[in-house]
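Single-structure report; data block below.
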Amino acid sequence: MSITIAYIGGGSKHWAPVMMQDLALTPDLGGELRLYDLDLPRAQHNQAMGEGIFAHADAVSHFRVRTCETLAEALRDADIVFISILPGPMQCFANDLDIPLRYGIVQTVGDTTGPGGLSRSLRTVPIYTAFARAIAEHCPQAWVINYTNPMTVATQALTREVPELKVIGCCHEVFACRSFIGMMAAKYYDIPIKHRNEVAVNLVGLNHFTFFAGATYHGHDVWPAIAAWIEQQSNDQGDYWRDRTQDALAREAKGRYGSCDGLIQLDFWRRFGVFGAAGDRHLVEFVPWYIGSVERLRRWGVSVTGSAQRLDNWVPDNVDTLPEIPERLKRSKEEGIDLLECLVGNKAMVTNVNVPNRGQIPWLPQHHVVETMAQVERDRVIPHVVADFPLALQTHLRRIADTQALTLEAARSCDRDGALAALLADPLCHLDTDQALAMLDELIAANAPWLPADRQ
Amino acid sequence: MSITIAYIGGGSKHWAPVMMQDLALTPDLGGELRLYDLDLPRAQHNQAMGEGIFAHADAVSHFRVRTCETLAEALRDADIVFISILPGPMQCFANDLDIPLRYGIVQTVGDTTGPGGLSRSLRTVPIYTAFARAIAEHCPQAWVINYTNPMTVATQALTREVPELKVIGCCHEVFACRSFIGMMAAKYYDIPIKHRNEVAVNLVGLNHFTFFAGATYHGHDVWPAIAAWIEQQSNDQGDYWRDRTQDALAREAKGRYGSCDGLIQLDFWRRFGVFGAAGDRHLVEFVPWYIGSVERLRRWGVSVTGSAQRLDNWVPDNVDTLPEIPERLKRSKEEGIDLLECLVGNKAMVTNVNVPNRGQIPWLPQHHVVETMAQVERDRVIPHVVADFPLALQTHLRRIADTQALTLEAARSCDRDGALAALLADPLCHLDTDQALAMLDELIAANAPWLPADRQ
Amino acid sequence: MSITIAYIGGGSKHWAPVMMQDLALTPDLGGELRLYDLDLPRAQHNQAMGEGIFAHADAVSHFRVRTCETLAEALRDADIVFISILPGPMQCFANDLDIPLRYGIVQTVGDTTGPGGLSRSLRTVPIYTAFARAIAEHCPQAWVINYTNPMTVATQALTREVPELKVIGCCHEVFACRSFIGMMAAKYYDIPIKHRNEVAVNLVGLNHFTFFAGATYHGHDVWPAIAAWIEQQSNDQGDYWRDRTQDALAREAKGRYGSCDGLIQLDFWRRFGVFGAAGDRHLVEFVPWYIGSVERLRRWGVSVTGSAQRLDNWVPDNVDTLPEIPERLKRSKEEGIDLLECLVGNKAMVTNVNVPNRGQIPWLPQHHVVETMAQVERDRVIPHVVADFPLALQTHLRRIADTQALTLEAARSCDRDGALAALLADPLCHLDTDQALAMLDELIAANAPWLPADRQ
Amino acid sequence: MSITIAYIGGGSKHWAPVMMQDLALTPDLGGELRLYDLDLPRAQHNQAMGEGIFAHADAVSHFRVRTCETLAEALRDADIVFISILPGPMQCFANDLDIPLRYGIVQTVGDTTGPGGLSRSLRTVPIYTAFARAIAEHCPQAWVINYTNPMTVATQALTREVPELKVIGCCHEVFACRSFIGMMAAKYYDIPIKHRNEVAVNLVGLNHFTFFAGATYHGHDVWPAIAAWIEQQSNDQGDYWRDRTQDALAREAKGRYGSCDGLIQLDFWRRFGVFGAAGDRHLVEFVPWYIGSVERLRRWGVSVTGSAQRLDNWVPDNVDTLPEIPERLKRSKEEGIDLLECLVGNKAMVTNVNVPNRGQIPWLPQHHVVETMAQVERDRVIPHVVADFPLALQTHLRRIADTQALTLEAARSCDRDGALAALLADPLCHLDTDQALAMLDELIAANAPWLPADRQ
C-alpha cells in the first residue's frame, strides 16, 4: 500500500527519528514522507536521517523522504498528517513558568493547563487555526494525528475552525499508567506481563487529567491488586501515605525533578475510586488541592522543575553534523504509526485517543475533545462509551472542559478579557481579579513576539 | 470455569435445544443449567434432552441440567440468566393481528410495534417487572440475556424496575442483514466470505428498526458494492425498483408468506443513505409509508401472514415422547452462548446488542434500550458510539422511542388512557381517537385472561 | 417618542389598513412608516390610505408614510420591521392543495404543514434568508415582527441565517381560543368577560399546533368550566361527541367551509388533558388521526376548503380607485401594534409569541422557534417556562419540530432529497417513498417560477 | 378568603413578628395561623404576640393564632407552609467558622457554601427530609415557602424527597441589590425612586450567588448609570478600585463587620459584564479569588465576622416577659406575605424566587433549585427564561450546582466519603485530601449531637 504522509514540524529532534524508525519497521506500507518545518535546515537534517533509516538493512518498509518548503506542498493530497510543533522558543516556556510563580502560582509542568497552559494556547491556537484551513484546502480527507501540547486545546482548534476534519490527539501519558497498574496486577495474579495492552482499561477524561474507571488484567479485576500493592508497600516501607518530603528532596538533590511515586494517582483511587491515568505532575495541575506550594507538593513526593532546569536540559541543535543512524532500528513504544496502520486499513486496535465528544462521555459537552478508549480501524475511530463515573470528579472535568473552551475562544479571537475569564476559571488561579489581569498582561508582554500582532 | 445458568422459559421448544447444543460445544466451561418454566413438563422434557446432549460424545463442556419448580430456586446465585418466554397462548397473538385488521391496520409481524406490539407489551411487562424484582433479590450480580419480544420494551421493563440490573437484549435480526451485505461485498471485491463478522458495521437503531450507517468488508467500503449489485440485478431482471406484486403473490401461493426481497432495506439506503438492518417485514411496521394496505405492501414484495397461517404453523407440544438427541451436535449461528463466554471472561467480541443508552446514541433518550455495536468482555458491555446519522431518520427513531416509553409506562401502571396515548403515537395508527379507543378496548377484552386482573 | 417602522409587504390589502389604524390610535408615538412591496402601486395605494388615516380626526399619533422602492431604503436604521408577504400568486397555493389531493392527501388549510406547508416553505425561505441579510446590514438592532405563514419556518429562516436578529412571530390564532375558553369560564363562574386577557393561560406548542396546558379565569380553574359546558351542550343537543357530518354538510351547502365546532380542540382536552389552542382546521393537519379523508373530517364537523373556493374568494386588486378611509378609526383585536408599544418601552404585557427556544420548552430543541406566553417589554421578550405537559403530545411536537427543521434546511439549500425527507417525516404523508417523490416533483414543477432558479 | 397557614419554626424571634404584622396588614384574608416549634414556649410566646397583633386597631385581616404541639397537627390541610428554623444552637455555627479557620479557610458568612455551608447542610437536610414526608402526608397541595439557609440545599431537600411538592425558597438578598442599582439609576436618569420594583431585572443564579444579566429603570438601561456612578465616585474619592483596607479596618474598629462597599458586586460587573446580585460577603464565598486571606478581603473592603462577634450578638431568649406589641403595625420589606397573596389568587407579581429548574436556566441541571425572576400567581409560579449569560460565569455556577448536589446526597445518606467529595469540589477548599478529611472529621465530631445518630 502506497500512502503519503505529511509531517508538520518535521524538523523535530525527538519525534522524527522515533517515528521514522517505527515507520521503517512497519510491513505492507510505502510511499512518501514529507517533512515541513519553519526551521528548514532541521527538516533537511531529518530528511538525511530518514534516508539512512529507510535504507537500513532492518527496514521492512520504504518511504521516499522529502523536505517541503511550503505547507501547501507538504499537505497536497496527503493521507496522513502528523503535527508536532513547538510554538515559540524555550524562553516562552520559561516565561510561562516564571511569571506565574512570581504571583505565587506553582506549576509542575505548565504546558497544558494553568496560566502556563493558557499562555501556550495563546500562541498555539492561531497556528493551528491556520493549519486547519490549509488541511481543509489541500487534503480534506486526510487523518490528522496531533502530538503538540496543550493537546486538547490544540486538537480542538482544528475542528473548531473546520468541523469536518478527521483528527486524533495522540499522547503516551496513559501508556505508562497502564503499565503501572499492569505491574501490580501481574504481581498479584502471578501472570507475567509482556505488554500494557494486556490490561483492559475503562478510560475517562481530558488529556493529562484522565482516569481509569475500572481495569481488568487477563479478565481479573485490577482493583484488589492495587489494594494489595499498597498494603505490601506499607509493610515494607512504612505507611504508604506518609509524608514524602524527604524522598522528593533526595531526588531533587540528584536533579531528578521529574520523578515521583504515583501517590497522587493513588490518592484519587483512594478518595474517588478511580485511578489517575496520568503522571502525578500532570494530575496536580487540574485541582486546587495539592499544588498550593512547593512544600505541599513535596509532601506527596512531587517536585517542581524550575525554568532554569528546563533551559539547562535543552540542548541546542546542531544540524551541521551528519545525522546518526542507529546501528539497529528499534520499534518504540509510541503509537503514532500504529494509528496510521489502523487508519489505512492494515490492522485494527483499541487504544486511548483524544477525539471530539460525540457521546462517549455524555456528561461533557458534545464536540469537546475528550480522551477515552476507542476502536481505531480503516478510516474511522469508534469511541467506547464510558461507564459510570463518580459525580465528584465529573464536576472537575466539566470545569476543566469549560476552562478549555474559554481558552480556545480567547485564543481564537485574541481577546484579553476572554483570556482573563479563562484564567479566573482555572483551578490553579487563586488570585484576585486585578492581580490575575496583571499577571496575564505580563505573560502577553513577555511572549509578544510569538503572539498574533493584533493582540500585542 | 464453573458457572450457574438460569433459563427462564426453559421449556422452550425451539431455543432450548439450540442453546444447549451451543453450550455443549463450548470449551472451558461447566456447571449447572437450571430450567424454569410455567409449563413444568416441558422443562422436564428439555432437561431430559439436555442430559442427552451433555452426555453426547461431541460435547466438550458438561453441565448438570436441573428443572426448578420456583423462580427463586432457578435464580439463586446464578451467574447468567436467559429469558425467552411466550406471554400468553397463540390465540392472544391471533387477536393482536385480527382485531387491528378489522380497523384497517395491517401488520406484517405484529409482535414488536403497532397495536399488536402494544397488546403484547401489556401482557409481557408485568411479567418482566416481577422477573426484575426476583433477579434483584436472588442474583443481583447476574447478567440477564433476553430473547423475548417486544425486545426493547421487555428488556427495558427490567431496568425500569431495577436500574442496576445488568441486561442485554440479544436478537439475530441483524445477523442476516450483515450476511446480506456481506454477500454483495464478497461478490464485488471478489473476496469469498466465510462469516458475517468479516463485515464491520456501524449499527444504529432500536431493535427491529435498525440501520447500518456504514460498513466495510475487509477494509473496503460496502456502499459501492450495494450500488453495483442493484445495477447488476436491474440488468438481469429489469428495473430493480419495479412493482413486485407478482413475486409476492407467487410466493404467497406457495405458502411462503415470510419471504421478501429486501427491497425496503434498500429503499432506505436509496432514500436516506443508510441500509435497513432488519428484515423488510419488520422495517415496514415502523414508518407509515409502506404498510397502508396489503396491496401496497405487495408492491415492495412483502406479504402479510394472517393469523390463520400463524396458528396453522404452530405445532402443539408433545412432551410424552422421548426427546430426540441429534446424531451430531451442531453449533448454531445464534450468539447467546458467545455473549455468555464473553461475560464470564473466556473471550471478547464486538457485536450488536440491545442495552440502555448511556451515550452511544446521543440523540435518543438516556437509559432507553437501544441497539448498536458493542464490545462484550468480562463482566461488561462497552457500547460503540454511533457515527453521523441522517436527521431525517433520527426523527423516526425518536418517535419510536417515545412510543415505546409511553407503552412501557402504560403497561407498568395498567393504564388505559396511557395505552391509548401510546397507540395514537404509533406510526401504524391512523385511526381517529374514538376508533383507536374502541380497538384498544377490544384488544384488552380479548386478551383479558393474560392481563393483570386490575386492568380488565 | 419618534420611531421608524419598516413594513415589508406594505402593499398588503388586508393587514396594512388594520395596522395603520391601530397605529393611528396609539398614544405617545410618532415618526415614519415606510412601505415596501414588490407590487409598488399597491404600496403607493396604501401610502395614500395611510396619509388619510393619520390625518383623520380620530388619530392620536401621527406618522409620515412613505413608499420605498428598495428594501435597503425601507430598512435603513428602522426600529421595528413588520413582514407580511405572500410568496407567489394564489395559483401556487391552489397547486399546494390540488396536487397532494390527487395523491390522496387531504389538507384543510395547507399553508403551514403537510405537503402544502413544505411547498410554501420552498418558496418562502429563500426570500426570508435574503430579508435576514438585509436587516442585519441596515438595521441590526431592529425588532422584526413576522406575520407570514408558515410562521415557524419563516421566522426561523431569519435567525437560521443571522442568529443575532431579534424576531417575534405574531399570530392571532391563539386569541380566539383564549376567547373560546373565556366564554365557557365566564358562564360557569358567572363573571362577565370583557377581554380574552382575563383568561390566564399556560401555552405550549408550535404555531398552529398549540395547547393550553392549564388556564385560570380571574383566579379560577377553567377546566371544570369546560367539563360543565360539554355536559350542558350534551343535554341540549344530544351527545357532545356525536358524528357531526350533517352539521358539516349543512355548513358546506352555505359555503361556510371555514366554520367548525371546536370538537378537535376538545378531543385533545378529553384524550390528553390539554386544550387545543388553535382552530380545528389547523390542529387536524399535525396528527395523522383525523384527516384520513374528507368523510372522516366531517365526522368531527370539519370541512375542507377546495382550491376552487379559495380562488373564488380572492378578489383581485384594484389600485386605481382612491383608497377608502373609514368614517371612524377602529382599533382591531390584533396585537402587532401592542408588541411595538412594548418593545419601544411604552408598556409591557404578557402574551403569546413565537420566538427561538432558549429553555421555555426544555423538551424541544434549543433555538427552534416555539410558541409560548412571554412578557414583552422594552427591547426584550422574556419567555415563560412551560409547565408539565403530557409525554404523549411531547412526541408529536418533537416530530413536528424535526419536520420543520428538515423543511428549513431543504428550503435553504434547494435540496430535493432533503425536501423528500421532510415530506416523509410529515404526519400527513402516508405515501410510499416513490409516490412521495413523484408528488414532490409535481409540486416543484408546478410552482417552478417562484422557486430559486437552481432548484427547478 | 379563609386560609390555613402552618409556620414551622414558629417560635422564631425575628421572622415571626415581622410575618404576623405583614399578615395583619394584608386585606381580603383570614383564617388560622398555626405555630410549631421544637421550643414550645417560644411558639407560645409568639402566639401571645400574634393575638395582640391581630387584635391591633391597625390590623385589616384577622387570623386565629394557635400553637401546635406536633408537626402533623400544624400541617393538617394547610394551604401555605412557612419554614424558618435554626438547625442546632449557635455553638454549631461557631464551630462551622472556627474549625475551617484553623485549617486556613476564611469564611465571611459560612452558612451557605464552603465547609460551613456543608456542615450546616449535614444537620439541616435530615430535618427537611422529614418535613417533606410530613407535608406530603398532611397537606400535599400546600405551597411551602422556605426561609432557612442553606437556601438551595434546604429547599431542594424537600423536592429531592418528594418531587411533587410545591416549593419556593424566598430570600431578601436580591432586594437590596435591586435597590442599590435603583439608586444609581434614579440619580442618572433623574427619576426619583420609590420602590425597588421600579427596576426591572434579569436575574440569574443560585441563592446568594446571583447576578443581574441586565436591568432597566423605567425602560432605561441601567448599565450606563452604573458606569457614571463609578466615575463620579472616582472623582469624589479617588480611584474607585483603590485598596479599601483602611475603610475595612475603620469599620471593624467600630464593630461594623457586616458593612462593605459593594466593590465585589461591581468587580463582577467590570470583569464579566453582569452585576453581582448578592452582598459582597456572600459573593466572595463562591469563587476562590477574593477570599484567600483576611487581608485580601480587606483590600476589597470586606471584613470577616469571627465566631466571637457572632456569639456576642446573639441575645438569648426571654420568653417569660410579655410580648411587646408595637404601637403601630408596620409592613416590612419582606415578600413572604406577598407570595402568599399571589398563591391564593389575590394578586400577581414578578419577583425573584428559588424553585426547581425546569428550563429557566437551560445550562444548569434540570430540577436543581435555581434563582431567577418568575411570575407568581394563583397556585403557580412561572419562571422567566434567563437571557444570554457569560460562559465564564456559567462554569462557576455549574460548579456550585454540582457541589450542592454532592452536598445534598451526602447529607441525605449520612455519607462521610460523599461529604469529603463535596468539600473537595467547593471553591473555598484548597486543602490536600488528607487535610480536608481531617477538617471534616473535626466538624462532624464537634456538631455530633445535632447530626443523625448513624453518622456520628
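By written order: A, B, C and D. Residues from 1 in each chain.
Assume a contact is a pair of C-beta atoms (placed from the backbone, for glycine too) under 8 Å apart; a residue touches a chain by one contact, two chains touch by 3 or more.
Remember, it's a predicted structure, so these values are computed and weren't measured experimentally.
Chemist: Which contact partners do subunit A and subunit D have in common?
Modeler: Chains that touch both subunit A and subunit D, as defined above, do not exist here.
Chemist: As a test of understanding: of all chains, whose mean C-alpha position lies farthest from that of subunit D?
Modeler: Computed centres place B farthest from subunit D.
Chemist: When the centre of a chain is set as the mean of its C-alpha atoms, what distance in Å lies between subunit A and subunit B?
Modeler: Comparing mean C-alpha positions, subunit B is 44 Å from subunit A.
Chemist: Roughly how far is subunit A from subunit C, centre to centre by C-alpha average, rounded to an integer in Å?
Modeler: Whole-Å distance between the two chain centres: 55.
Chemist: Find every residue in subunit B that makes contact with two or more other chains and list them.
Modeler: none
Chemist: Testing understanding: with touching defined as stated, what is the shape of the graph linking the protein chains, line, ring, star, complete or other?
Modeler: ring
Chemist: With touch defined as at the start, can you tell me which subunit D residues reach subunit A in the complex?
Modeler: Per the touch definition, subunit D meets subunit A at residues 241, 267, 270-272, 287-290, 292, 296, 299-300, 390-392, 394-396, 398-399, 402-403, 405-406, 409, 417-418, 420-422, 424-425, 429-434, 436.
Chemist: With touch defined as at the start, can you tell me which subunit D residues reach subunit C in the complex?
Modeler: On the subunit D side, the touching residues are 200, 202, 214, 216, 219, 345-346, 350, 358-362, 366, 373, 375, 377-380, 382-387.
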